[in-house]
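The letters A, B, C and D name the chains in turn, as written, and every chain counts its residues from 1.
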Amino acid sequence: MTSTQTPAPATTSRRTKGGAPRPGSTGGIADVARRWGHRLADRRFLPVAGTLLTLVLILVIGQARYSTDTRSFVNMRLFSNLLVDNSYLLVLAVGMTFVILTGGIDLSVGAVVALVGLVVAKLLILGVPLPLVLLAGVLVGTVFGLLIGVLVQYFSIQPFIASLAAMFLARGLCNVVSVESLAIEDKGFTDLASWRLKFGHGPSIWYINLSMIVALVVVLVAVYLLHYTRFGRTVYGLGAGDGGQAVGLMGLRAARTKVWVYVISGTCAGIAGILFAFYTRSGFNLTGIGMELDAIASVVIGGAMLTGGSGFVLGSVAGVLVYGLIQVLIAREGLDSWWTKVFIGAVLLLFVLLQRALSTGQKRRRKKNKEESPAPPPAAAPAVS
Amino acid sequence: MTGTVATDPTPSPADRARRTFSRLAGHTLFWPVVALVVLLLACGVVSPGFLDVTVQDGHLFGQVVDILRQSATPLLLAIGMCLVIATGGIDLSVGAVMAISLAVSLTYIAESGSGTTVGTALTGLALGLVVALVIGAFNGFLVTVLGIQPFIATLILMIAGRGIAMLITKGQITTVTSPPFKAIGSGYVLGIPMPVVIAAGVFALVVLLVRGTALGMLLESIGINREASRLAGVKSRNITWFVYALCGLLAGLAGIVYGAPTMAADANNVGLMKELDAIMVVVLGGTKLEGGKFSLAGCVVGALILSTLERAVVIFHLPTQVTPLFKALILIIVCIAGSDRLRSRAGAARRARRTPAVPVEVAA
Amino acid sequence: ACSSGGSSGSDDTKGSGGDTIKVGFSQLGAESGWRTANTDSVKAAFTKDKGFDLTFVDAQQKQENQIKAIRDFIDQGVDAIAFSPVVETGWDQVLQEAKDAEIPVVLVDRTVKTSVSDPYATYIGNDFEKEGETAVAWIKKNAADAKIFELQGTLGSSAQVDREKPVDSELGSQIVGKASGNFTRAEGKAATEAALQAYPNMTMIVSHNDDMALGAIEAIEAAGKKPGTDIKIVSFDGVRDGLQALHDKKINYIVECNPVYGDQIADLVKKVVNGEDVAKSTIVPDEAFDQTITQETIDARKY
Amino acid sequence: MSTTSTTASEPVVRMTGITIEFPGVKALDGVDLTLRPGEVHALMGENGAGKSTLIKALTGVYRIDAGTIAVAGTARRFDGPADAQEAGVSTVYQEVNLAPNLSVAENIMLGHEVRLGPFVNWPATRRAARTHLARLGLDLDPMSMLGTHSIAIQQLCAIARAMVVDAKVLILDEPTSSLDKAEVAQLFDVMRQLRADGVAILFVSHFLDQVYEITDRLTVLRNGRLVGEYLTAELPRLELVSKMVGRASEDLADIEKAARRTTTHDLTGREPVLRALGLGRDGTVEPFDLDLYEGEIVGVAGLLGSGRTEVARLLYGADRADSGTLTVRGAGVRAASPLGSLQRGVALASEDRKKEGIIGDLTVRENIALAMQAERGAWRKVPAKELDATVARYIEALAIHPANPDALIKNLSGGNQQKVLLARWLATAPQLLLLDEPTRGIDVGAKAEIQRLVAELASEGMSVVFISSELEEVLRLSHRVVVMRDRQKIGELTNGPDVTASTVLETIAASGSAS
């Protein structure tokens, strides 16, 4: 296996991929513009775009169908209600996003929400000071998250099962705490729950309340964690497949990150549990059944892949809003129980189809990009060894 | 004991099927079986006579027999689920499908008015199964043709399916009187409860189907590496589709077996949360959710564990409240005991993790 | 055996206000035959030609959905809101909002615990606890020394909680065991099978609804015992199948829980909207049947 | 060639008596390895010799069952790559191990990203990534997703990542397996520079030329055992090879000769096995014509990323063609699909072993059976006897190690996995075999065997398409050479004594200047 060694000058092997020009090459603005063009048309962003599209679509439909001459369907009230009613789901979805990004799943959140509600109610009834109670509530979630994380990472139990076990555990504990719904009369708590800023007046009155603010903060923190920390990028890396081996070999703390992801989701469930308690001012062992599916559905509607690695917190936020709006439409339609279920299913189906359509369309576009990308200069040396 | 009775009802025609199959069962089933035996014995100790099987007016009777009967439904679900999971998918809609098929059958029988005739009962049965098959095929269509992620694809019918079932029964609990139909759920063959016979039969057939042919291997290859399988000429689309359809069919059968004894189509509650039970059963049986290798024998053990467990709660005079705790406990124990990490210390695919660095003297 | 308090349906079916009354009704779900029967009767009562414009929302047994629905009613500015709470607690906020918006609220089927002052205009429904007491009374009279196994409904559902209360308090000593059958036949059957083994000494089953009782019958018969004689059965609801079993002497006593009172709700709503004053609570009369029940009564059942 | 051999300086890594057992295999058995600062040290051995395992033992991916590891004189056992990196041991593993769903910048910089308070400073991080890529003469958009680049690019990114930390020890496990020559040269420049800075570099490659060009010292493994440590300059090629393979150098020479063939082939008036007319797929390959004849080996030469893989995939039907027609033995083919192709007697051994080849959790037997079975359909199972016979035959013929049909293929070394895959395709008795980089990451012995095998198959009448980045290899084997450039077929050379590497290059260059 002899060969002709002709050391080629470095410059000959310059190749540009991904359709980006060299830095400082001429026509800067145009180039920057094109680069951003490429990025926005990036496969990753499209589902989110799809979600936003649907959001608008639903609003238009609603506006057309339900606006009476006295008041229009789309108004501040609608949105404030939407957020008031879904703040807990929002927080759940955010937590779920972390997990799903790593290709995992957390089925326990619904049950945890119920448990937290009961624990909070119980403790308040026992007269434990409010701050402690709130803390305890959140910690309940954290502990469950930790449990799942440890099972997943250190006993290599699949997330689905680990969280399923956690779900059973939480439900069981709920029943142990109380099978009757516990009302929360604690002054401080109810004050927190009913604290809100009024805007406007009459029928068009709308509010901002604590839950909204908490949810918003959670979202912001999540965005920071996912997009501006090493941890966040590792989370994405874990979703790249092969069980996060790649990130492990890259020397990133794969194991630790994986556990953290579930701790985060659990903690979010804890917070959501408290928001839900704000919302209903009671704890009840039958609440939150299927809530995990709502959260997952929202995240998926938000454009995340359950296989992990792609998705955005903000997408999930949009997903929650879409999900909430669907509920509103159903309410306005006054559907039967069964039609309600069928309708939700149908909408979900339509939505996923839309996403498919978008992403396939995108693939075609990507090929074009590849074509555009500059080819290796002729003088490049061949592969010889 | 019962474990073996059900673990291996294959009328060993194909020796190969058997060999592969016992190899698969191998040690992955060790812990589940242990758990099962322990549970049964514990019950036996707590409540004397628990393990007795008597013959009562011509058929077997006893707690163990009940447990076997109770296991039929989860087993039927789990078998289908197991194959779906092998392809790297999942089917959340089985619970809803149970409700639908039962609703269809009973509504037909109710409408037909001649519920007492065998013909009607069988037609009802057939109708229910066909509908279930169609639904399964629909799931398969979403997953294979449209390429929707299984979790979501089947989530759709998990939600909508119950609605459909209620549409069929108009939200009422349709009840009929049809002895032949009832027999499907509460009849006996040679003294053995019908559901047990059905489940065993289906199990044997499916084992033959996947291990007697190459289907099993192809399923696994698809589950492990779909693209590579495609390039190797495996018709992954058709096979996957087929499996979802089969899963739907079995879910339908499960629904009918489940609802037949009471002959009441309670669209809202039949099969509620049963998809989770089914998945739990599959996993208890040592099949990994990420797809690939699967063990049908495991499903049998898993199903038995599940129904024994639900029974044990009452036998131990525990309040029903703690049933979920129980499930969680068993699930965690079995999974941890069976987890590769613990089994093969020399396991190769070990990710980096904290271990006290052993200081070693070295002459530099 | 059930006392009936408050008003019963009056004759004027036309809204005295003349124009139609916009009503939002939030049903808690469709979890049982009883519930759907209740829903049907409500829908039948709030029709256009009876002068109503009904928005009906099914809450799928989720409180959050119900709260959303009620908020939405307020947002739509309906004339009156009626709803059957999923659970007793946690309504303060929406009730307050309804109050702020000056929309009268009619509670159906269950009351609520709330700190809001004067939270709702009126309440109409069955009294599960009273039903429980009725059953207890019968048991004390007819089977004073029964060893009772209690077949519970879905844990936490008010039917389970309230029906259980009097049984526990009055007959606590006689209860040998409990297990939940989640209001379904199949699980009722499974639970009973196990119970027969676990509590061989039981002589009576108190089932929180008919479906589970029917399941229990299956199990008892399978065990070669005679339901109704070897093991007595007391049950609630009084759906047709249940009454049939009662007639066939397989069940000993059924306390009815009558779902068909849509007209009375409509009637109340109309009164409330027109500002007439109504009793704070209306208990729908629940009958109770023993094995003397006639086939006619059974065939008369709509549910 | 190798410069200052630094014997004096004291070892930065010393591994002694390293032993690692995997279920079934003893991957390493008392192996020693010593790395000194400022040297490039080659780790040589056949496929499955234990090179990658030794590396993973050092960086703590695998726990060692026996032996000691000392880094800079102090005993260490790393908990994993992260730990190793902190201690200044930075590694590029054999399989490209990066996250395809992250951007190039992230893949290179994560772990060392530029921070701004609690935030990652992305602009700065990207700039840094750019500079690191530039060292390897690469200019990518740091924001583009890694997955959208070819394997070669990804491998370069992995190398760039390894060089971000100023490591005391740099480990490169077959970094050049899919690089073209210029890129290799570029890499070597960097390595020399690092060596001058006193970094110890461990270098694994199956390309002897590269080894002799860059390394000062080498350690040879065979079947998990240490053969010895030698100064590269003092060890003749054939010596080295025979030490690796454990065979006398003479018969190796024979193998090489046996494979060498440039006989021209008379094709007049013969009907082609396969004929492609204007076959193309927008975005990947421009329409091209191609005839393949019985008993003929057609090489495909071209730069990396020139579209060779895509050509093979189109011929096989792995991708749908947008234009053109495909005819196999006279019969027109519409909508070619893998299964269809197999049934028509066409098989493709794909270039990406991990993603498109092996079924990791299945056994060697099942992996070999797969294509056969797929061809027969799910219902007609290949009879056990027939299968066992076939499997045994190929394990023997291709010297697959370990020779255990029930071993999980994921536990075989890269090279042996490749052999199993070859067996899979040969088992379908194809008339046309498309081989995309069949010898990538394969040791000399195996490589020669595969080359001979290909030659044999052809002489038995099989038609073979041979894609390889090793021009020499292509020229040695094929009767005709199709030249690709920039995803276009730009020429076809009938092989002969006069055709050399430079001829091919000229063709490429010419068409380049023409276009």
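Quick note on the criterion: contacts are C-beta pairs under 8 Å (C-beta built on N, C-alpha and C of every residue); 3 or more make two chains touch, one makes a residue touch a chain.
Here the structure is a predicted model, which is why all the values come from computation and not from measurement.
Peer 1: Looking only at C-beta pairs that count as contacts, which pair of chains has more of them, B-C or B-D?
Peer 2: When B-D is set beside B-C, the one with more contacts is B-D.
Peer 1: With chain centres taken as the means of their Cα atoms, state the distance from chain B to chain C in Å.
Peer 2: 35
Peer 1: Could you tell me the distance, in whole angstrom, between the mean C-alpha positions of chain B and chain D?
Peer 2: Comparing mean C-alpha positions, chain D is 44 Å from chain B.
Peer 1: Between chain A and chain B, what is the separation of their C-alpha centroids in Å?
Peer 2: One centre to the other, that is 31 Å.
Peer 1: Let me have the rounded angstrom distance from the C-alpha centre of chain A over to the C-alpha centre of chain D, please.
Peer 2: Roughly 39 Å separates the two chain centres.
Peer 1: Residues touching two or more other chains, restricted to chain B: which are they?
Peer 2: Where chain B meets two or more other chains at a single residue, that happens at 166, 171, 319-321, 351-353.
Peer 1: Identify all positions of chain D at which a residue touches two or more other chains, and write them in rising order.
Peer 2: Residues 61, 80-82.
Peer 1: Scan chain A for residues touching two or more other chains and write them down.
Peer 2: Those would be 175, 179, 245, 248, 336-338, 340-341.
Peer 1: Which chains touch which?
Peer 2: Result for touching pairs of chains: A-B, A-C, A-D, B-C, B-D.
Peer 1: Would you mind writing out the residues of chain A in touch with chain D in their complex?
Peer 2: Within the complex, chain A touches chain D at residues 1-5, 7-8, 10-20, 22-23, 35, 38-39, 42, 44, 224, 228-230, 233-234, 236-237, 239-241, 245-253, 309-310, 366-368, 370-371, 375-385.
Peer 1: Going by the contact rule set out above, which residues of chain B touch chain A in the complex?
Peer 2: Residues in contact with chain A: 90, 142, 146-149, 151-153, 155-167, 171, 267, 276, 279-280, 283, 288-290, 319-328, 331-332, 335-336, 339-342, 349, 351-353.
Peer 1: Could you pull out which chain B residues touch chain C in their complex?
Peer 2: Residues 47, 49-50, 56-57, 61, 63, 66, 70, 166, 170-173, 175, 186, 258-259, 261-262, 264, 266, 268-270, 310-311, 313-315, 317, 319-321.
Peer 1: Would you mind writing out the residues of chain C in touch with chain B in their complex?
Peer 2: Going by the criterion above, the answer is residues 29-33, 36, 39, 152, 155, 177-180, 182-186, 189-191, 193-195, 197-198, 211, 214-215, 218, 222-224, 239, 241, 303.
Peer 1: Which stretch or stretches of chain C touch chain A in the complex?
Peer 2: Listed in rising order, the residues are 27, 29-30, 39, 54-58, 60-65, 67-69, 71-72, 75-77, 87-90, 92-93, 96, 113-115, 154-157, 160-161.
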